[in-house]
Each structure stands twice: as structure tokens, then as C-alpha cells.
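After this come two complexes, each holding chain A, first together with chain B and then together with chain C.
For the complex of A and B:
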């Protein structure tokens, strides 16, 4: 009857209800699509696609130490992403986690280099991690103040404060905190042993003996559980969810928009700061001017990849860490450029976003 | 026999999960005002969009003056001679009336010619247009006249009016009817979409009744009594309305010279708004939409506060500067006009939406660790769904999945469960099916009988006259004196709705 549809063999049709099945399956499909594109890319670069994918996805988890590295990389990423999910759910765009991570590192270092030797290892450690979280939270409260007091868009201010944080780090490590015996390198002294995060192998977990894996992975798991309960069952979590979905309903409920913005930014900042503290007290053991955490930005990808839900963020952080380490292996095994990692992350995110269309729409054949 | 101007044969339009129109057939004869009546969701709008050309049907035939049309675009339909006056106007607010009309004319028509023809058209149908006025400054009734003139300039043989009186004050309705009657007298046909039976009775000749996307009857208006039309429309005899005896007690809510400063240019300034509501009483706030009701309810609910604490008093205590939580603690409950995104969050579950308006009251929903007691919340929600006859699969269903009537019953039930001292309701039955509307009105009347002070704002004057004891009219951010609902005459109501509370004031809208 109508000639219009004859040209289109397929059309998209909105679903009545978002499909649960598609919502769960689309990340898996996205991984398959990413693997196919990665394989094609390896082939184009003149390498064997199978060897490439093997190096990318399987070689990192072939050994305990490989898995330990993936987990070690995933933990701060996961901590940051979980914190960011709180802000994103409240529709507050904190894209400056990178700066809050650096401030967390600075906060922890302040405790580490000033704590008296007599302090017990446990209390010094706790104090350093909390100082990191506090510093990250304070750094993020600056955009909160600017937004609620002057109406300045937090997307811009959080991002710009990253560059301020980098300068602050550089000033501290080349100036007041520089190690006098450090041959003029821009870094602090190595922390005392009681300020370095205990390794899982030291705690008697023999599976991880000989690896660098520390208790940061436990922090990551705990944070996921904590944030899940917080968002699902606490009054503040509820209020953040409502204000993110419908600001007018939030006013109707009697929630103040100002409090919501402050909470969203300081909570996410504190998680990022904690991640920074974990990194400095864990794998680094000192503060260095050249420290570029990077996962402050990757965490944004991890948070959205995990659909802002704590459990899924654990998985997405693991996946991104795997790709990151895998691409280093690809680089070494196949001699491919280091941009592979960023490229694959991008392809993965685009595939997820593309396939998310199927959550709300279905493909229908039109005749 | 006269050939029908427009004939539809077995027109079907499916949307995912629902059939909006199922084998709809109808005929419109020339020179006839034909009504299409049905409840919300009966498929009226889809059908009109199909005739107007903006929606393509899946099956069926459209025959125009004896010739089948292969489903065309609005532009082609317009060339054939089908025009439509939409419920929501599509006018540029910043432009003048003439500019707006001229924009819809073919390109070769000169501006001066548009002007002459628009003036002529206005004269012919009794529409008073000020061509050089800026549309942003016009009242709703005047904007509708612009839309009508714009539509008529294309010289249509069939004009569709989509619920045209929904936005009009009562006194402007008679003017619109005159226009429609003179159009029909000239031999043009009019399709009149409405669910207001009294209007249809006075205006239309014939009607097609739609229910659930299907034609249930084709009737002649003259020979069909109003209650029969109602039964055809809803599919059942409507429960009769009983007034409960109410004893009016002490003043529970008092608004005294409430004044507000607009926060944006779309907001109205409230000035000197005053009224009081007693226990056991329902006060109706009448008025054309956009007369300040929204601003008033923001100030009554506490979403906006006043500098003067005695501008609003609840149970004698000044609460003008108290926010939502404080007023809720004092016994206020509120059913906002907008269900999606104000009174409820569509993406959240009914459990969560129930919790939405519980803050400020006692903190019984959270346990000692500050965590939500999910089971006790669920029990309360299920009780609310049962008591207020909300059709929902479970308390974990999202609010967005409920129909308008069911969601409104849920929200009303949620607020009533708090046993409020004062209840605010804005547009209680807007977009709600007839059975649910009656149920909601009965709930409000019962609540008042139990000693609550109820404030109801509605654009539907009949609704207010049905349930209210006293009325106050809002126009342009001000309120009229309070009157007994039983003693007001419609002429005075019309003048008040135009903002003429006393002889010094200037009318906000032109009285036709």
C-alpha cells in the first residue's frame, strides 16, 4: 500500500519496556564486537589476529602474577569508578576524578612523611588513607561550592582543577617535599615500611605469594558493597537518585538541591582520593612529580560501562584493566604501537553505547 | 443522497503493544459538525493525526470526496482541504500575529495580501484579531483565534478542532461555538474532538463514539441523551454521585496577601493572594491555566517559601518561610498537577515513589542503622494499591508503566494514607479516565468529611462545582473574593476568570 517502507528492509521499533535480556547481553555482545574489530585491526597491521587476541585477552591472566597485576590495576580504577557512579547517578558531572586522585595521593603523603615513627603501623596506615579520602573530597567540594554559590557548571570546574592538581603535585615534589637524598629527582622519600599497604601474600594467602597484589583489592570489593547498600537503602542515596532523575520531584520530596550537589561531589571526590592514597601507599611507596594516574579518566568509562551499578563496575574495571595490561603485551609480542590500549577502550565503549540501542528498541523487518 | 466529504474505511493503526485504531470507519457529511468522542486513550488523537496526514495508518482506506487518498503528508492533506486547529498551539511567541499567519502562507503571497485576507476572515467569523500584537502577550483564547484564522486562510473544506475548549475560559467558549456554527453554515465540515458531553450536545449534529480504539457507535446527537453518550463512551453506567454531610470547623489553612517575585520570565507574579480553608471544607481554585496556579501551589507546598512567615498559616501557625519538610510535618499533603517528574518519578518503582513524599513525617521508614526497611515499606505500598484500587502488577513496577488514571490513584492514595490536616490537589483528574476521576473525587469528598481541609485547583469548572463548598478564582496572579459554590452564576465566573474582580481592573482576556 505504501511504497515508502519498501526501501527499508529493517526498521527500529521502540520497545514497550526496556529489555532486561538485551540490557544484560549487550556488554557481552560488545566484547565480541570489540574482539572482532581488534582481530581485524591486528590483521591489517600485519599480525596474526589470533596471536593478537591471545596476547590481549588471555596472556595477562595466564599466571598468578599476571592476574595479580590485573587486579592491582583494577582496584584503584574500581574505587574511583564506584565513587563517580554516585555523582553520575545524581546527574552531577564530576569528570575531574584524575585531580581528586592526585590530591588523595598528596593527602596520604602528607601523613606518611610527617607521621611520628612511634605511631603504630595500623593507625598510621588508616590515618594516611583517610587523609587521602579527605583531600580528594575537599578538592571536589570546591566545584560544589562554585556550583551552588555562583551557578558555575561543575563539568568545567572539576576538569580544570585536574590541571591545578598536577601543578600542585609538581610544586610539592620539586619544592617542600623533595627528598634531600634523592639525587635531585622530583620525588619524596620512600615511605616507611609501616606505611606501605600489606601484600596479600604477607597476610598468608599463599595463592598470591611472589606477586605485588596488596589489600587494595579488598577495599575495592568493600566499596562496591558499601555503595550498593548506600544507594539502595540510605536516605541520602535515595535523595541522590531522585535528584538525578527528576529535580522537580526532588523538590517535591523536600530535598535541597544544594545538599545533593555537595554530597554527590564530596562523596565521589573522597572515593577518588582514597584510590589515590591506595596507589601512593601501595605500588608507588612515594610521591613522584611524574605520577599520572590516568585511571581518573578511565574510571568515567568504567562507570558508564558498568551502567553506574556497583556490581557491574567491578566487572568493567577488571575488563578495562585487562585490556590495558593486554595491550602492553600486544605491544611487546607483536610489536604494535602503544595506542592500541586507548583504541580498544574506545571501541569497547562505542560498541556498548551502540548496542544499548537494542535495550530500548528492537529491530523489526519491514516488508 | 449526498456524498460524504470524508470517509474512513477500516482504518487500523498499531503501535507496539497496542492497537490505537482498530478497523475504524466513519463518514463526515458536508456542512456538518461531527463529534469524535471518547475517553483518554480511546484513539481520538491518533485518528485525527491520520486524517491530518501526520500519522500513516497500517491498513484501511481514506476516501476524500469520493476519491481514495494514498496516505499523504500534512502538506498534501492541506492542499486537499483539510485543516487542523491543534490543542497545543504552534505559534512563535516573539513574532506578531501577522508574522505568524504570514509564515504559513504560500511563498508567493505578499504580506499586504495576507493582512487583508486575515482581516477579512476575522470579520467574517467574528474573530477580533490585532494583527500587529506580539503573540507572547496574547491570552490563550486570542492565540486560538490566531490559529483558527491561520487554518481558515488555506480555505479548508474540513476543519479538525482537537479539544479546543480545554484551554478556554467559559465566556470565550460561546464565541468559539459561534465561529464553528458559521463555518458549518457555509457548507464546511467540522470534526470536533472532545469528551465534554454538554458541549457536544449544544454544538454537534452527529458523533462517532470511540472506545479502546474501536468505533462503538455512530449516533445522531439530537436523538441521544447525554447519559446514554456517557455510557457508550465509558462502556458502563457511571456510579452516581453522593454528597456526604460535612461539618465545617476551624480554619486550617490561611493564605494572607501572598506575594511572590518571579524567578524567570515565564513565571507570573502572585500579588495579594488571600483565602482560607476550614476543616471539612473543599475550596476550589478556578481559573484558566497559567493564571498563577502553579506559582501558588509551589508556595503552598513549601517548594517555594515567602519572606513573610504569616503569608501562609497552617492550623494557626505561620509557615510561610517553612520548607516542604516542615509543612509536611505540620500535616500537609500535596498531589501536584504533573505526575511524571513532579508527583512521581517514572523510572522508579512504586515502592520508591511511595517513599518520595514520606520525608519530614516520622522517620519510621529507616531502621537504627539508617537503612530503609524495605519490607514494611512494601507492606504499606501494597495496602495503598489495594485500598485505592490501583491496577499494578506489583509494588516493584515502575511508576511510568502505570496508566494516567492508575498513577493518579496511587499518588492520591499515597497522600491520603498520611491522614493529612490539609490536602492540596492540583488538577485531580487531568488525563484520567472517567471511572478513576469519579473515584478520586469521591476520595476527596470523603477526606473532607473526615475533617481535612482540601484545596483543589482545576480548569474544569464543572468538576469544581461538583465537589467544592467554596470557590475562589485566579487570574493573572491574583485571587477573586471567595464565594459559595452553590450561589455563583457562570456569567460572573467568566468575568472573574478574565480578571475582572472589580470595576477598576482591566480584563486580561477579551470577553466575547
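For the complex of A and C:
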């Protein structure tokens, strides 16, 4: 058999330093590649590529209410992705964020439907959001325990728990928590006013009057700053980063791998749970059986697209939210299926992963 | 309903439900034996299902729709292989990207044809054995695909345990650096494993749609791709154990349906959730046993660079 070390007469030489140029340009290239593929797909299905791209990317943000919707969609996505970046940096494959988001919604609902109306909005809301974060963290702690105690790969356990979470949601909204006055719909009662996130227009920012935009945006921004500082400046953040980059070195340095895994999973689970709580207390105002967050999986794309860095993740979340909302536009304007969103996310992720090659390696032709 | 009748329909239901899991699991087993973990199973199964639905609704030929499923699976596998083997990307996020692409692509393809019900698969009766009282109907009167799948599993077992090429695959999976020094082309072996494996995912999805459920729905695979990955771990990367595991998982699904038809007062969510919980429990037992860690292909999930990969 052949012993050539090259493929197609090219060889990949590792760079001494990751290429700065490539690491800045690759997200842009990935977006260009994805836009080209999107255009090609629209053309293949008989629609004009330019009209398609316009419907996908430009018309959603053409108005204040459009921008509000994009921001509303991006905020829980950003929260989840920021949390996942902590886990991925520590080389812990938490791909069950979707389940943790659902548990977050369940946790917030548990507080919301049992809290008295007389409770102050501030304390009720804080309690609900914290309960959501705790529930998400707890859901992620089960794979953490299985990994540290038994060595079970967390990739599979986090994922399988997503399906369990979906069934739990279904049972709660059709059984114990079903709204008795809800005409048998599989949903809980609407939350009291003291448990719905305040809108930005109600807080005085008139630009957003008439839109649904609420303070979830502020939470998303705050989380990006918090995690950036946490990973860059705190001892635990340092440990997580080192254990991801060089597990043996971190073991020699005395950083406990067990603590690292627990921290990575519970932190990312808590952020995902918080995101779910934010959505349930924000735009939904109740828990419904048919609630499919979706951004539990999209957050994985956002985290890698943002190269696990908080600032870029913010931007990626905005872009992915834009594509998501744009794809429903595409469906209405051009009659094409809205599944283009999942397809484009996959293509984006694949492009960024492939272009990453240029960052770490130099391509040389072998003679 | 008599007891034997219930038992027969349970057994048969288990075998039929196990079939897509078995095919997808076999594909993942082949891929993982060579050291590549392909998380794109779910997306590839969906594409296989959509393509088989398209072909079946045009041609009414089960054979062509299965072949189309295999071909589409192989194409997705080639894409995955290109990224993880030649472009040296990390296997886990690449697999997730393939799944996302598969979910989007399959939705598109499924919408190209009007929703319609497909003709059920023909059952093949094995001459003498199908006359046996209970097992006859359950085990020996199954669609042709069941026997093909069992034959493929047996071939895979024989391939990995008793052939030189199978040994090359196992060597690449356990230690690609040493395999390369011995003279095996690691990239080629991994490409073959990934593409053959992905062809099987496509077949699994194609059979699930055109041979089992008999209609198309968005995201109809509903997590079976992930179950197949768990199944491979459960089977300790051995094809014969894979058959037993697939049958067990299929039995769980069959019990779920049986309990509903018998009107048992169990919340439907509890029944739906059982396969996933059982998988988690089984994974825990497998990983807790010390001997299980010896079964894992030791280079599983690790990207191989011809010059840089170090001996593990």
C-alpha cells in the first residue's frame, strides 16, 4: 500500500504560529461560501438568487420591529452559545444544550406557577431565572457525574438526555401543570405580570416602542462580558482553558480533571437553563408542550463559528438568528421550505471548520 | 388477543423496528473500528429517507429507492471524510455540521413530491422454517431487507475477525501511526470505512421510510441515528453483539406500541422515553466495567496527520 504522506500531491505543514491573517479572514470567507451556496440553491429551485438573499438577510432587519425580532431570537442563542464555549474550551462535548434549555424553562415555570401574585416583580423574576439556571445546571450535572464516576462519554449522555427532557416537557404540560381553564390545550397558565420580563419600550427606550424587545438582550451582552472575564482572568477559567489545551500538563499542574468536567458541564448547563428561563418568561409567558427551542443545537454552530471567543460568538448569534428569521421570510416570499436555515447553518459550520485548516497549517505542493 | 398472538406480534415488531437501527449501527461500527466517529448519522439517515421517498414515489421500485439511499449516504460520507480525513477537522463538530446539512437538505427534498403513502414491503417466507409455531412468523417471515441486514452483520464479523483487510482496519483504528509504519494507507482505509458506513446510514434511512413507515415526514428519524451510535458502544464494537443489541432496542419500541394497543394506563411519554433511558443505563454499565475500555478502538475520534500524529 502507498506510504505517501501527502494527499493529491499537497502536503500540510504545521505553522509555528497560528496565522493571524487566516484566523481573521476565515469567518468572512465562510460567510461568503455560505452565501454562494445559498444563492445556488435558490437558483436551483427556480427563484432569483438575489431576491432570495435579500429575503434571507436584508428584509428581516429593514424595520425596528424586524431588528427587535432578530435581537430577541439572538439573545437566548447567545446565552447558550457563551455557556457552551466554556465547555468546548475545556474539551467537554456538551451537545445536549437543547435539553438543558428545556429544563431551564421548566424550572422557571415551576416558580412562576407557584409564586404568589403579591410577590414583588423583582424578587419573583430573579427567583424564576435562577431556578431556570439551576435546573439547567442540574440536568447537565447528570452527564458530569456519569463521566467522572463511570467514564461514560458525555457526548452521548448529554444528547440522549435531550430526548428525555422533551418527554418531561410533554408530560408536565399535558398532565400536572396543564392549565385547568385552558380548554385542554397542552400548556400551562399564563404567567402573572410580575413574572414577565419587562420590555425595553416599557423601560423608556422609545426606539423599540411597539416591538417585543425585552431585557434579554442586556442579559446576553452581560453574559458575554462575564464569561470573557471569567475565562481570561479567573483561576477556574484558566484551569478550564489549560485542561482543554493540554490535559496532561494540567494534570501535572494539579488541576483536578474531575472538578474541571463538573465545572464545564454545570456552567454551560446553567447558562443554557438561564436562556430557556429567559425565553419562557419573556416572549412566551407560559410553558407549552410544543415548545422546541432549537437554539440548543444552533448554539453549537454559533460557538464554533465564533471560534469560542465571546465577542465573535455575539456576532455569530446575531447572524444565525438573522438567517433563522430570514428563512421564514424566504418561505413566505419565495415559497421555498424554511429548512434552508438548518442547511445554511451546517454549511457555515463546515466552512469555518475547513477554513480553520489554513490557520494551523501551510499548504505546500510536494514535487 | 391470545397470548401467543401478542408474543408473535411483539417479536415481529421488535425485528422490524430493529432493522434501521441495525443497519445504521453497522455503518457506525465499521466507521468507528477505523477510528472515525461519525456523528452525521442522523442527518445522513434523513437524506437517505428523503431520497428513497422521492425515488419510490416516482418508480414504485423498492430496489431503486434502496440503491438511491445508499448512494446519497455515500455522498454525505464522502463529504464528511473529505473534511475529517483530508482537511483534518475535528470529527465531532464536523459530524454535527453534517447532521444539520442533512436535516435541511432532507426537508427540501421531501417537499419536492406530494406527500403520499407508499406500498408496504413484501414479506419473504423462508420455506420450512416459517411454518414453526411462534418463531416461524416472527423470525422467518420478514422482508428481504432483514435477511440482507443479518447477512451483512455476519459478513462484517467475519471480515474484522478473519481477514487481512479487516486486520488493516482494526490496526488503523487502534494505532494509525503504527499502521502507517507497517505500510497501511491510513487515509484510504479511513475513507473506505467512512463511505461504506455512510452508505449504510443512507440505506437505514431509506429502509425506514420506504420499507417501514411508508410515508415521508420532516425529521422522521427522530433520534434513531443517535441511538445507533449508542448501540455500537453497547455492542462493544462487535457485529454479532450489535444484532442482539438492535433486537433489544427494537423490542423496547415494540413493547411501546403493544402497551398502547392493549390500553395499559401508562403515560405515553414514559414509554417513549424508555429506550433513551435504557441506553444511558447500558452505557454506564459498559463504561464502568474495566474490560469495556479494552474494546474501544484506541484512536477513536482523534484526527490523524501523517507526519505529526504521535504514538499513543
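Just so we're on the same page, the second predicted complex is superposed on the first by the 344 of 367 C-alpha atoms of A that agree within 3 Å, B and C clash if a C-alpha of one lies under 4 Å from a C-alpha of the other, contacts with A are read in each partner's own complex, and residues count from 1 in each chain.
One rule holds for everything that comes next: a residue touches a chain if its C-beta (ideal position, glycine included) is under 8 Å from a C-beta of that chain, and two chains touch if they have at least 3 such contacts.
Just so it is clear, the model here is predicted, and its values are computed rather than measured.
S.K.: A:258 contacts which: chain B (first), chain C (second), both, neither?
M.R.: Neither partner.
S.K.: Regarding the shared-chain residue A:48, is it in contact with chain B (first), chain C (second), both, or neither?
M.R.: neither
S.K.: Just checking: does A:163 make contact with chain B only, chain C only, both, or neither of them? Give me first, second, both or neither.
M.R.: In the superposition, A:163 contacts chain C only.
S.K.: For A:233, is the partner it touches chain B (first), chain C (second), both, or none of the two (neither)?
M.R.: Only chain B is touched by A:233; chain C is not.
S.K.: Have a look and say if chain B or chain C is in touch with more residues of chain A.
M.R.: Looking at chain B versus chain C, the one contacting more residues of chain A is C.
S.K.: For A:126, using the defined touch cut-off, is the partner it touches chain B, chain C, both, or neither? Pick first, second, both or neither.
M.R.: neither
S.K.: Quick check for you: in the superposed arrangement, does A:15 touch first (chain B), second (chain C), both or neither?
M.R.: first
S.K.: Using the touch definition from the top, say if A:248 reaches chain B (first), chain C (second), both or neither.
M.R.: After superposing on A, A:248 lies in contact with chain B but is clear of chain C.
S.K.: Show which residues of chain A both chain B and chain C reach, each in its own complex.
M.R.: 1-2, 4, 14
S.K.: Okay, in this complex, where on chain B does chain A touch?
M.R.: Residues 16-17, 56, 59, 70-71, 301-303, 323-325, 328, 334, 336, 338, 341-348, 352, 355-357, 359-360, 366, 370-372, 374, 401.
S.K.: In the complex of these two chains, what residues of chain C are touching chain A?
M.R.: Interface residues on chain C, with respect to chain A: 39, 43, 83, 86-90, 92-94, 96-108, 111, 180, 183-185, 187-188, 218, 223, 226, 229-230, 233, 267, 269-270, 272-273, 276-277, 279-280, 283-284, 287-288, 293, 305-308.
S.K.: Across the complex, what residues on chain A touch chain B?
M.R.: These residues of chain A touch chain B: 1-2, 4, 13-17, 229, 232-235, 238, 241-242, 245-246, 248-249, 251-256.
S.K.: Show which residues of chain A lie in contact with chain C when the two form their complex.
M.R.: Residues in contact with chain C: 1-7, 11-12, 14, 41, 45, 93, 95, 146, 150-153, 155-157, 159-161, 163-164, 167-168, 170-171, 175, 297, 300-301, 304, 336-337, 339-347, 349-350, 353-354, 356-357, 361.
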